[in-house]
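Each of the next two complexes has chain A plus one other chain: chain B in the first, chain C in the second.
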Partner chain A sequence: MSPGTRTKLVVLGALGLALVLVPFLLPSAFHLRVAALVWINATAALGLALLMGLAGQVSLGHAGFFGIGAYATALGPKHLGLDPLLSMLLGVAAAAGLALLVGRPILRLKGHYLAVATLGLGILVHLVLVSEVAITGGPDGVQVPRLVLFGWRVAGPEVWYAITGIVLLLAAWIALNLEDSSTGRALRALHDSEIAASVAGVDVARHKLVVFVIAAVYAATAGGLLALFNRFVTPDVAGFLRSIELVTMVVIGGMGSILGAVVGAALLTVLPQALTLFHDYEHAVLGLLIILFMVFLRQGIVPGLAGLLVRRRPA
Partner chain B sequence: MAELVQLLFAGLTTGAVYALVALGFTLIFQASEVVNFAQGEFVMLGGMVTVFAYQAGLPLPLAALLAVLVAVATGVLLHRLAIEPAKGATVVTLIIVTIGASILIRGLAQLVFDKQFHALPAFSGDAPLRLLGAAILPQSLWVLGGAAAIVFGLWLFMERTLLGKAVRATAANRLAAELVGIDTRLVLALAFAVSAAIGAVGGILVTPITLTSYAVGTLLALKGFAAAMLGGIGNPVGAVAGGLLLGLLEAFAAGWISSTYKDGVAFLVILLVLFALPHGLLGRRAVERV
Partner chain C sequence: MNRRLLLVSVASATLFAAASAARAAEPIRIGSFLSVTGPASFLGDPEKRTLELYVGKINAAGGVLGRKLELVVYDDGGDANNARTFATRLVESDKVVAVVGGTTTATTMAAVPVLEEAQIPFISLAGGIEIVEPVKPFTFKTPHTDKMACEKIFADVKKRGLSKVGLVSSTAGFGASMRNQCLKVAAAHGIEIVADERYAPGDTDTTPQLNKIKGSGAQVIVNADFGQGPAIVTRNVKQLGLELPLYQSHGVASKSFIDLAGPAAEGVRLPAAAMLVAEQLPDDDPQKKVVLDYKTTYESTQNQPVSTFGGHAYDGLMLLVRAIEKAGSTDGVKIRDALRATKGFVGTGGIVNMSATDHMGLDLSAFRMLEIRGGTWKLLY
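And now, the complex of A and B:
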């Protein structure tokens, strides 16, 4: 068994185990709903982890793609009478199209310039969602019809838990295969040095574009799922803070680690739910925790813990 | 003509505030390569502390001074407690640290103050001045004059004082600066302090016109960042030019096209500029070493 295949089995096995065990450990409907949210956020974070961890490109506007997926799912049925699932797929296609269109000029940029450009893209999407009140419902948000598959009304936290979990598992499987493919190796190479990679024959621009589009597809898929699951979307799903949340999930979990993205998503989804206990102190505590995590667990949770294990083993 | 002058002044006034935020960004970036997303919170603190100190009975100049001191203390604490412990972390990690700090400061401000919008009285009355048919608020002149004074003062400090030269040396090459005996830790703390003071003064000057609340910092930080990048990061002249340009574009877009998308102008412009000039308007082309 090649090391790549072993990593794949370990990660998918750990994820699968978590998916099966969580309903036994946390049986209440509320907990299942939160867990489904975790899987949705983890799917979006996974795409961003490929972009940031594997290819070394940052996006501070990724919630824009998330928002496109979510709003397409809501607006297709409302204005065009389309099936919600079809609308969601169209939304994913739209996000991919936008990523394809702006990806090439944006990904030419480096470091802070890339950060500000992606930031701008996300804010523009958010602004359109807030401002085009006649179409999007503006800041008040918009209802999403219930998903009906072949006459079966998709409802209940258990069902949504299963759907979101399976999507996450699929997303992780694709991500792991991508990491282990020639594209993955090309991305790692350009992460280290774009010039060296291009000298070695890697088409840097094309590979960056590919991973950017994949990350957009992951985010839009997650956005569509959130819309169907919550049956309501507001422009907040595409906001700047949402983008930062996604980036923080990736970094807190451990950049470049698939499991890390899931752990980061779990932490940043559960934490605000727990912090509502603190009422007014919620924001202050969240900000403080983010700083502490970044200062003391700089590599991220999963690589940090893995490092501890490896260091102990020889002794 | 009247409309043109009106929009010109409106644009320059907001532009001056963006320029101050962008200048603060640049100062910290030069000294430490950190992009400080908490920069907008200094502007918020400047406005909010002045409002509450003034309401508590302090005379306006003293209230303003107190606000600057609070912002400076916040800036120094930010450096000591968050930035310095995270030394050597990646760019993205540092960005998240400063965003965490901005969420923390905003959360605390919401606790200490409140969630309402607040105003300050204009420094020299509300009677508009007439210029070529346009009505100019005297407070606009305070903002423009104050911003100009800060820019000039900062230039004097950087060019004419030993401490300013130490800041520039640290920006140019940190290791070399340490080797010639510059305390770079002090320089970094100083950069955070000065940049906080600049932001706070901007907040105090503009509050009589735009009002303030605990939440005004975020958008200001993002636009200030866009302004700094528009000029080319690490370039103080570019930061001021970028800020003024964004303010003007916003005002004219709001006046002539649509005020709905006013807040989008900055980001649309930065995208278009970067597509054509990947290093900003005045930025130098960086060469990657292999």
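And now, the complex of A and C:
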């Protein structure tokens, strides 16, 4: 068994185990809802983890793609009378197209141009969602029709838990395969040194573009899932703070680690719920915890802990 | 060995007694999710303070149905997704009997499906008309709507014998929503909207829009917005020397508007809740006692000026307590029925008469028409 295949099995096995165990440990509808939100956020963070960890690029407007997925799912049925699932797929395609359009010229440049461009893009998407009240419903949000698959009304936290979990598993599987592919190796090479990689014959711009589009697709898929799950979306989903939250999930969990993105998403989704016992101080405690994690596990939680384990192991 | 057994049995007996005593006086749990932080915190913060203050007072006075109230408050930060999660938590984990909360229309609308499905009475503190139109079986609200503000203004315009209105509004949430409502109800009030100008939030000058209104033959100007925009419009109207009466909305009903607009604010009229002019209300006004009581209680304990938003929370809590007492039970459907049957409840927002088709229960008398004179509010009627 190659090391790559072993990592794949470990990561997918750990995720699958968590997916099966959570409903037994925390059976209430509230806990399942929070868990489903973790899977949704993790799907979006996963795409960003690929972009940040593999390609070494940051997207500061990733919630913009998330918002495109969410609002396509809401507005397709409302204005065009389309099926919500079809609208969601169209939204994902639109996000991919937009990423291609924006990424193509920018990723030819070196440095932080993508971060700045995506920052602008995210703010633009949010602005449109807030101000085009006649189309998007404005800051008060818009309702999403219930998903009906072949006459089956998709409802209930248990069902959504399963759906979002399966999507995450699928997303993780694709990400792991990408990491282990020639594209993944090329990306790692250009992350270490773009010049060395291009000298070795790697098409730097094309590979970066591929992973950027994949990241956008992951975010839009997560956005569409959130819209269908909540059956209500507001422009907050595409806000700048959401973008920062996604980046934080990736950094805190461990950049370039698939499991890290999931752990980071879980932490930032569950902690605010757990910290309500601190009442007025919950935001201060949340901030403190994030700082402590970054100070003591500088590479992120998953790589950091893995590193500790390896070091402790007797030689 | 024997002594140990004795100790154990004494301990368990004490525990059992304590547990059954606790069950007899088990508190009534009331849930709330509010935007205490984030962009809507100027609404959510006084709401939270008010709920905590009055739950404490009610408990000190013996509680409801002989049981104490227990308040569970979560801060949704103004995010609709969080609001929905907290609503689920209130239903599933905290097992609350009713919810008073929902600072913004967005957070309210995100939570409505959860609470409706669980059949838990929900009194929202947000303005949006879509919360109660169409009527949802378990959803109520306490604040006035934008539609009522338009109607109150239009009634006053008619009273002056005028009918041609130039509308200028912000493209942001509140302004856009009020503009839609004003356009909708204008014709029914015999008002003709001769100009419909808009500006973006953050614009520092609105003279182009006002010049267009000047050329449109408008007899009055109505501005729908809150925050800095209305102060800019008010100053621009004065700078252009427009001699038209200017109406603002209830969105500017705070002292900071008068400070921002300066002398240009003289003569501006606006509909507002009674709270703003509590002292000026005539002694026979049924709201005077309620509003003054709330104002003194809030200001003496919180060390900050009272706001109408905290008043919405006061009204919501009091409506709920009244309904629980009338229902004599904490059953969701019974509380809902009692809420629906509310008649003649005097709150800070107005006199509430609910029905199966009206889950807000306020009429135009809930708004007072004010004019700014000498740098302060003057109650007209």
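Here is the rule we go by: the second predicted complex is superposed on the first by the 301 of 315 C-alpha atoms of A that agree within 3 Å, B and C clash if a C-alpha of one lies under 4 Å from a C-alpha of the other, contacts with A are read in each partner's own complex, and residues count from 1 in each chain.
Note that a contact is a pair of C-beta atoms (placed from the backbone, for glycine too) under 8 Å apart; a residue touches a chain by one contact, two chains touch by 3 or more.
Remember, it's a predicted structure, so these values are computed and weren't measured experimentally.
K.L.:
Regarding the shared-chain residue A:Gly141, is it in contact with chain B (first), chain C (second), both, or neither?
P.N.:
Once the two structures are laid over each other on A, A:Gly141 reaches chain C alone.
K.L.:
Between chain B (first) and chain C (second), which does A:Phe30 come into contact with in this model arrangement: first, second, both, or neither?
P.N.:
A:Phe30: touches chain C, not chain B.
K.L.:
Between chain B and chain C, whom does A:Ala94 touch in the aligned arrangement: first, second, both, or neither?
P.N.:
A:Ala94 contacts neither chain B nor chain C.
K.L.:
Does the superposition put A:Ser131 against chain B (first), chain C (second), both, or neither?
P.N.:
both
K.L.:
With both complexes superposed on chain A, which partner does A:Val237 reach: first (chain B), second (chain C), both or neither?
P.N.:
Second partner only, chain C.
K.L.:
After superposition on the shared chain, which partner residues are touched by A:Glu282: those of chain B (first), chain C (second), both, or neither?
P.N.:
In the superposed model, A:Glu282 contacts both chain B and chain C.
K.L.:
Counting residues of chain A touched by each partner, does chain B or chain C come out ahead?
P.N.:
Looking at chain A, the partner in contact with more of its residues is B.
K.L.:
Applying the touch criterion given at the start, work out whether A:Leu226 contacts chain B, chain C, both or neither, answering first, second, both or neither.
P.N.:
Second partner only, chain C.
K.L.:
Can you list the residues of chain A that touch chain B in one structure and chain C in the other?
P.N.:
Common interface on chain A, chain B vs chain C: 131, 282-283.
K.L.:
Within the complex, which stretch of chain A touches chain C?
P.N.:
Touching chain C: residues 28-31, 33-34, 37, 130-131, 133, 138-141, 143, 157, 226, 230-234, 236-237, 272-273, 276, 282-283 of chain A.
K.L.:
Report the residues of chain C in contact with chain A in the complex, numbered from low to high.
P.N.:
37, 74-75, 78-82, 84-85, 88-89, 91-93, 104-106, 109-110, 113, 128, 130, 171-173, 176-177, 200
K.L.:
Okay, in this complex, where on chain A does chain B touch?
P.N.:
Touching chain B: residues 52, 58, 60, 102, 105-106, 108-113, 115-117, 119-121, 123-124, 127, 131, 193-196, 240, 244, 247-248, 251, 255, 280-291, 294-295, 298 of chain A.
K.L.:
Inside the complex, what are the residues of chain B that reach chain A?
P.N.:
35, 81-82, 85-86, 89-93, 95-97, 99-108, 110-111, 218, 222, 225-226, 229, 233, 260-261, 263-264, 266-268, 270-271, 274-275, 278-280, 286, 288, 290
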